[in-house]
Amino acid sequence: MKRSTIDLWVGLFVAIGIAAVVFLSLKVANLTPQSADQTYTLYADFDNIGGLKVKAPIKEAGVVVGRVAAIQLDTKTYRARVTLNLEKQYTFSRDASAEILTAGLLGEQYIGLLQGGDPDELKPGEHITLTSSALVLEQLIGKFMTSFTGGNNKNSASAAQ
Amino acid sequence: MTELLLSPLRRLGHSTINAIWRLGFITRFLLAILRYSGQSLLRFNLTIREIYFAGVMSVIIVVVSGLFVGMVLGLQGYNTLSRFGSADALGALVALSLLRELGPVLAALLFSSRAGSAMTAEIGLMKATEQLDAMSVMAVNPIARVVAPRFWAGVISMPILAAMFNVMGIFGGYLIGVVMIGLDSGTFWSQMQNNVDLHYDVINGLIKSLCFGIVVTLIAVFEGYDATPTAAGVSAATTRTVVTSALVILAVDFVLTAFMF
Amino acid sequence: MSSDHFIEFRNVSFAYGERPILKNISLTIPRGKLVAIMGGSGSGKTTMLRLIAGQIPPSAGQVLVDGRDVAAMNHAELFEHRRRMGMLFQFGALFTDLSVGDNVAFPIREHTRLPESMIHDLVIMKLAAVGLRGTQALMPAELSGGMARRVALARAIALDPQLMLYDEPFTGLDPISLGVIAHLIKKLNDALGTTSIMVTHDVHKSLDIVDYVYFVSNGEIVADGTPEDIRSSPSPWVHQFMWGEADGPVHFAYPASTSLQQDLGLKGSQHD
């Protein structure tokens, strides 16, 4: 086979390979520009983060605006400190609130931000003060069960009389 | 009676020494390849030629296998996930299985049996027909001229083939999940994108396939170079390439997975 | 004078492990001559070529090429030595993945920086020298055995070597091809002024073309001389070799350690 033919095929092979990697990066992994100069950091403390994981999305009105960068336990307050990496183009007011939500009944957990009305904006490194914790299913069921069994006892007591 | 006890021990000792000797030999062989890579990479057309034979000629088998593996993942994944009411996660399941494990491992297994065995047979035959001797008598180092270009061609081709395998597999999963079963296309992709991380999954998968490329090609060229220069010797070496490669790919995969994920 | 002796073996011995191949061989090959080394299979002839090419070092003694010890050469010197040497292998050893033209061009491309047009002309000249001009585009698999051997010869002389080594150049050829190769070897030796060493067991054809002959048996030189000397040699060994007699100084039977009767268990068998 001629050398130019081989060169052509190999060129095509490498080009398709690069295209495949680009496809995997952009379409499959949803490569978002997350280098330090395009994002800024905010913190939020939660009483309970439930099953939140690093890299979980942060959404405002359902739009992904950033990702969870780190989760630590603050040893003074014993609350979970979550580091949020947000894209620079999105800024939030001082009274913005953060809550941990679940996608669907058993889906993954993410942070939902809710923009406030304060004209002052949160600067990089500041804390979101208004937070609400994850809904932990077991606790919810526990509460529900106690109120349910409480009502049941009353009924059975009245039936026995 | 003592001979009955001693002879298996002796055989064990013999094969242990043999294995260690070969390990040392293959390491020195790798060092020699790296040492002479400079002069062979300067004449890159030699490597391009080998990329054609190792890489381009393996595309068909890799692409077709990738498509089928993706389709099987789509079917099996849907059956399992729908039992837990999370068929939406099919895209994530297909992509993660392929990127992390199936893509690199299966592409490497296919590559070793398609291209690795051919490399072994080719180099073994060149040795048997005195072509390697002829080269060294012509003051041309066979490791620089014959072995190193093939080695680099394998190392370069492997990640490309694995990436192709992954893309075809995801496409196969898409065909089954979205086109055939009727899951929502948007959910399929967004679930995938939310769960696949560029560094953690895509890059690690490519690093894996690069490692497989190195070991598979090294085994292939080594077995060829080390083959007994007879018809029986070359055929035994070719078989050894495929068997050893398969075992080493799976063992290296385990080690890499333990470190990466 | 070492300048007259292009190749000199000084008390050379060689052994593969425990098995001795060459035992204390001394010989000289003058510059510009065509010398044959003859002997039966396994007599160590090819080993002598490998020693000259520097592929293996001798166990004892020295192999001098142009006054320099091959075994003492470093890597660069050895490659320099091989660059000035051509070797024709037993079955040609053409590169099966390259065309005839690329095979002949191979040493030129590897060792020179000549432009492609000049390489093209050189290849045609070398192929014309062996009578195969016009075969450049063929692949080695398309050649007959004799043609492949001639292409290999063209490749070996591509860089105009000072020394040519021929390893069994006549093996497996029909009488006509054999005659052609023998003629070419003689012609090239005379035309290029090359020193040539030919290892062979084809006696009669070789005696027609060579200047001097060494007979090797069991790692030792048993006879040497010009072709005339050899033809009239009284040595029973040479006589047996030249006329292909089954029994003589070289025994027909392998020297078994037990007798035939013992092997067959007829008598004197010693069962434990």
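Couple of notes before you dig in:
Every chain is named by a letter (A, B and C) in the order it is written, and numbering of its residues begins at 1.
Following the convention adopted for this analysis, a contact is a pair of C-beta atoms (placed from the backbone, for glycine too) under 8 Å apart; a residue touches a chain by one contact, two chains touch by 3 or more.
All figures in this text were calculated on a predicted structure; none of them were measured in a lab.
Geometrically, the chain at the heart of the complex, using CA-atom means, is B. Relative to the C-alpha centre of chain A, the farthest chain centre belongs to C. Annotation: 42 Å between the Cα-based centres of chain B and chain C. For the pair chain A and chain C, the distance between C-alpha centroids works out to 78 Å. Chain A and chain B have CA centres that are 37 Å apart. Looking at the complex, you find that chain C touches chain B at residues 53, 55, 79-80, 82-83, 85, 87, 89-91, 93-97, 106-107, 110-111, 165.
Interface residues of chain B facing chain C in the complex, by the touch rule stated above, are 122, 125-126, 129-131, 133-134, 136-140, 145. Listing the residues of chain B that touch chain A in their complex gives 45, 48-49, 51-52, 55-56, 59, 85-86, 95, 99, 157, 159-161, 163-164, 166-167, 170, 189, 192-198, 201-202, 206. Residue ranges on chain A touching chain B, taken from their complex, read 1, 3, 6-7, 9-10, 12-14, 16-18, 20-21, 23-25, 27-31, 55, 57, 106, 108.
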